[in-house]
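Here you go, one structure.
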Amino acid sequence: MSAKTANKIATSVIVAVSGLIVLVLAGLLGYILVRGLGHLSFDFLTSAPETIRRGGGIGPQLFNSVFLLFLTMIITIPLGLGAGIYMSEYAPANKVTNGIRLIVEVLSSVPSIIVGLFGLLVLVNLFGFGFSLFAGALALTVFNLPLMVRITEQGLRSVPREQKEASLALGLSKWKTITSVMLPISMPVILTGTILAAGRVFGEAAALLFTAGMSSPRLDFTDWNPFSPFSPLNPFRPAETLAVHIWKINSEGLAPDAKEIAAGASAVLVITVLAFNFSARWLGRYLYRKFTAIK
Amino acid sequence: MAQPLERQQAKPHLAEEWVGKVYTLLCIAFLILTIFSLVYFVASKGLSTFFVNGVNVIDLLTGLKWAPEGEPRLFGALPFIFGSFSTSLLAAAIAAPLGFCASVFMVEIAPKFGRQYLQPVIELLAGIPSVVYGFVGLSVIVPFFRDVFPGQGVGIAAGSVVLSIMILPTITTIATDALAALPKGLKEGSYALGATRWQTIYRIVLPTTLPALMTGIVLGIARAFGEALAVQMVIGNAPHIPRSLFESASTLTSAITLSMGNTAMGTVANNALWSLALILMLMTFVFVFIVRWLERRSKI
Amino acid sequence: MTAIGMSTKNLSVYYSDKQAVKDVSLDFQAKQVTALIGPSGCGKSTFLRSLNRMNDLIPDCKITGEIWIRDRNINSPDTDVVSLRQRIGMVWQRPNPFHKSIYENIAFGPRYHGTKNKKQLDEIVEQSLRKAALWEETKDRLHNSALALSGGQQQRLCIARSIAVKPDIILMDEPASALDPVSTSKIEELIAELKRDFCIVIVTHNMHQAARVSDKTAFFLTGEVVEYDLTPNIFTNPQKQETNDYITGRFG
């Protein structure tokens, strides 16, 4: 076989495979949207699930997913920013810092099921939070933290050195330089990364099985008192999220329309994650243009 | 207005610097505390099976039957270990060539088109939650295998296929970065000698980027190894070593997912599951170690 | 107001084991411009950056010797570096305005150092921009982004920013080398104006610029000061052979 023929064959294979990958994604999304979109309705999105009868919805689960995301992010963002600032601006170049980097790398590789088990042991049992939004939020924080640290570090390192030096040369403190000069410049990178991280958190389930739990109590959406056991805002109640619900229906779904509900819930999940992805990319491009098109 | 250089005017910013240092240090301390307590707690629970309940380590690692609540109690975890390894390795075997093709397409063959269309596709595949993969696997792949191949449709084959698509983005992204980082001069030298693109790729590009590609593959294997829900939904969950790719099997993660909720904390059955989690965690360390070793080698 | 000068005594700078600046003792008079010239890599920028302790930011960088401002050695561990830097301004080769408005760029420093009153800040902004010969061009668009200005304007903005915090000394590291000739001459005019109020130390690889702009010149070669004299003397009657070789273009 001549080299030219080999080249042609190889190229066709590569192009075909690439096309195959696009088809796989299209098939995946197509399947979920075709099977699931039809099942979506306002009723479906707001009513509670049925255990054995047809016609259940995903209302509480959807709320739980959103609320849990919110709780997780308000904990992870300050923690991740702080740790990222430390790694980028304060950490000396020595063995201890290398050790910390190894720790962050290990933490980011730990499977989420183990994070969930850890949460079960420490948060649910040891600290006694029980299956709750709070335990779930802390477990997701552990899951999300290494990514936030990396995003923050990346953002800060992308700040040109002269910006930092200009601020310090005016007699500003290091901390003020970080907050008033460096963080604003790295905001596009950090913001984009955070939105993508939020997408990951929204779809996560394994870490929540044994922390936020696999059930959701009857919620009274008119009760906004966070201390009441039936209020949706109570962070110490069990809170099955959308992703966990999909898993549960698929393994122990007794309702006759279990498959449809799973498809509909998957559609909602996928659409939300897609929305996160698109807005992150769009935001990144918009902010980048805003910053550089000024020239 | 000339001002002295003394400390007295320095007070406002000293407090500020102190705030910054303490805040960031506390955040890092939280991170460090988390990983150490995670390892400690999982390890202590997992080891209690051996030290408190008296189960033999070798029996756990090599035994073929898993029946912690049966008569007699058996703690053979080999089926799970086998299942985890075979699904991960098979998934990587499928995803690696696919990912390599995708990255070559994006870097060498059609860079603009590739970046514009294939790249977002890869990113979207990465963003789809694992339960959705499991659901589609259960609804599409398992019935398909059941119709086409002998067996129930569940098993290692279904698990591997689902996992391969899940780890494809990981491998592709790392391969793309590695290919893009290659100095242009390397390829141009080959073309100048009259080599075709494919010759350049497999004679020059592939060997040079091999360490980075290996890193991507190992990271993909690690990701597949730790995946719980998607695998559990399509693997069948029978605690045996299967005799074919289409027979029900189990992995470490699927066993934990399935049984953790059904056993009571403190019982030997529950502790045995924690031992499985311990094995999983130790494998994570092994993977991180391998990746670091590969990265060090590629720096030469 | 007593004008501040600056001097160094046996100043040496080491990057790990390499010595970039060797035993430099120079003095810079107030209300004068001193130029540091020399070929690339001769240590003049490194020396300049040590004067406001900017080299502290580089890990593995060690500075020995004394740096005197008034009657204080600021190269000592108990110097409050942050306050010190308020006394010494810096302008870089490539203009680096903050990604903020023109107004904010200038008000940023004074506001941090305690001036909160809006009227006072407005005054400081106007004064600084006037001194930097930028007021007329920007007075109607103070709240536009600084990045919308041209390169030469941005550099003048950076100069305005540095003088807004009322330093005594201004350090300039090749301030015009990234600019077109028209902007360059504007900057040089500016320096001639500014020296009436400030002690200026300028690093430049452009000998003609040094000759035009400075009162005294120091010639650096591989980390050492080979010759330091009044500018006319350096360029018309250098004492050392190396100085002569450099200014006649034999190397550099």
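Letters A, B and C mark the chains in the order given here, with residues in each chain numbered from 1 onward.
To be clear about the criterion, a contact is a pair of C-beta atoms (placed from the backbone, for glycine too) under 8 Å apart; a residue touches a chain by one contact, two chains touch by 3 or more.
Worth saying up front: this structure is predicted, and the values here are computed from it rather than measured.
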By count of C-beta pairs in contact, the leading pair of chains: A-B
Chain whose Cα centroid lies nearest the overall Cα centroid: A
Identity of the chain that, by mean CA position, is farthest from subunit C: B
Separation of mean Cα positions, subunit C and subunit B [Å, integer]: 53
Whole-Å separation of chain centres (CA-atom averages), subunit A against subunit B: 17
Subunit A-subunit C separation of Cα centroids, rounded to whole Å: 48
Contacts with two or more other chains, residues of subunit C listed in rising order: 82-84, 86-87
In subunit B, residues with contacts to at least two other chains: 13, 17
Touching two or more other chains - residues of subunit A: 172-173, 176
Partner subunit B, residues of subunit A touching it in the complex: 3-4, 6-7, 10-11, 13-15, 17-18, 20-22, 24-25, 28-29, 31-32, 35, 78-83, 85-87, 89-91, 100, 102-107, 109-115, 117-118, 120-122, 125, 142, 145-146, 149, 172-176, 178, 196, 199-200, 202-206, 209-210, 214, 243-244, 246-247, 250-251, 259, 262-263, 266, 269-270, 273-274, 276-277, 281
In the complex with subunit C, residue positions of subunit A that touch it: 92-93, 160, 162-173, 176, 180-181, 184-185, 291, 294-295
Partner subunit A, residues of subunit B touching it in the complex: 13, 16-17, 19-21, 23-28, 30-32, 34-35, 37-38, 41-42, 45, 97-98, 101-102, 104-106, 109, 114, 117-118, 120-125, 127-132, 134-136, 138-140, 165, 168, 195-199, 201, 222, 225-229, 232-233, 253, 256-257, 260-261, 265, 274, 277, 280-281, 284-285, 287-288, 292
Subunit C - residues contacting subunit A, complex: 52, 54, 57, 59, 82-90, 92, 94, 96-99, 108-109, 112-113, 145, 147-148, 158, 161-162, 165
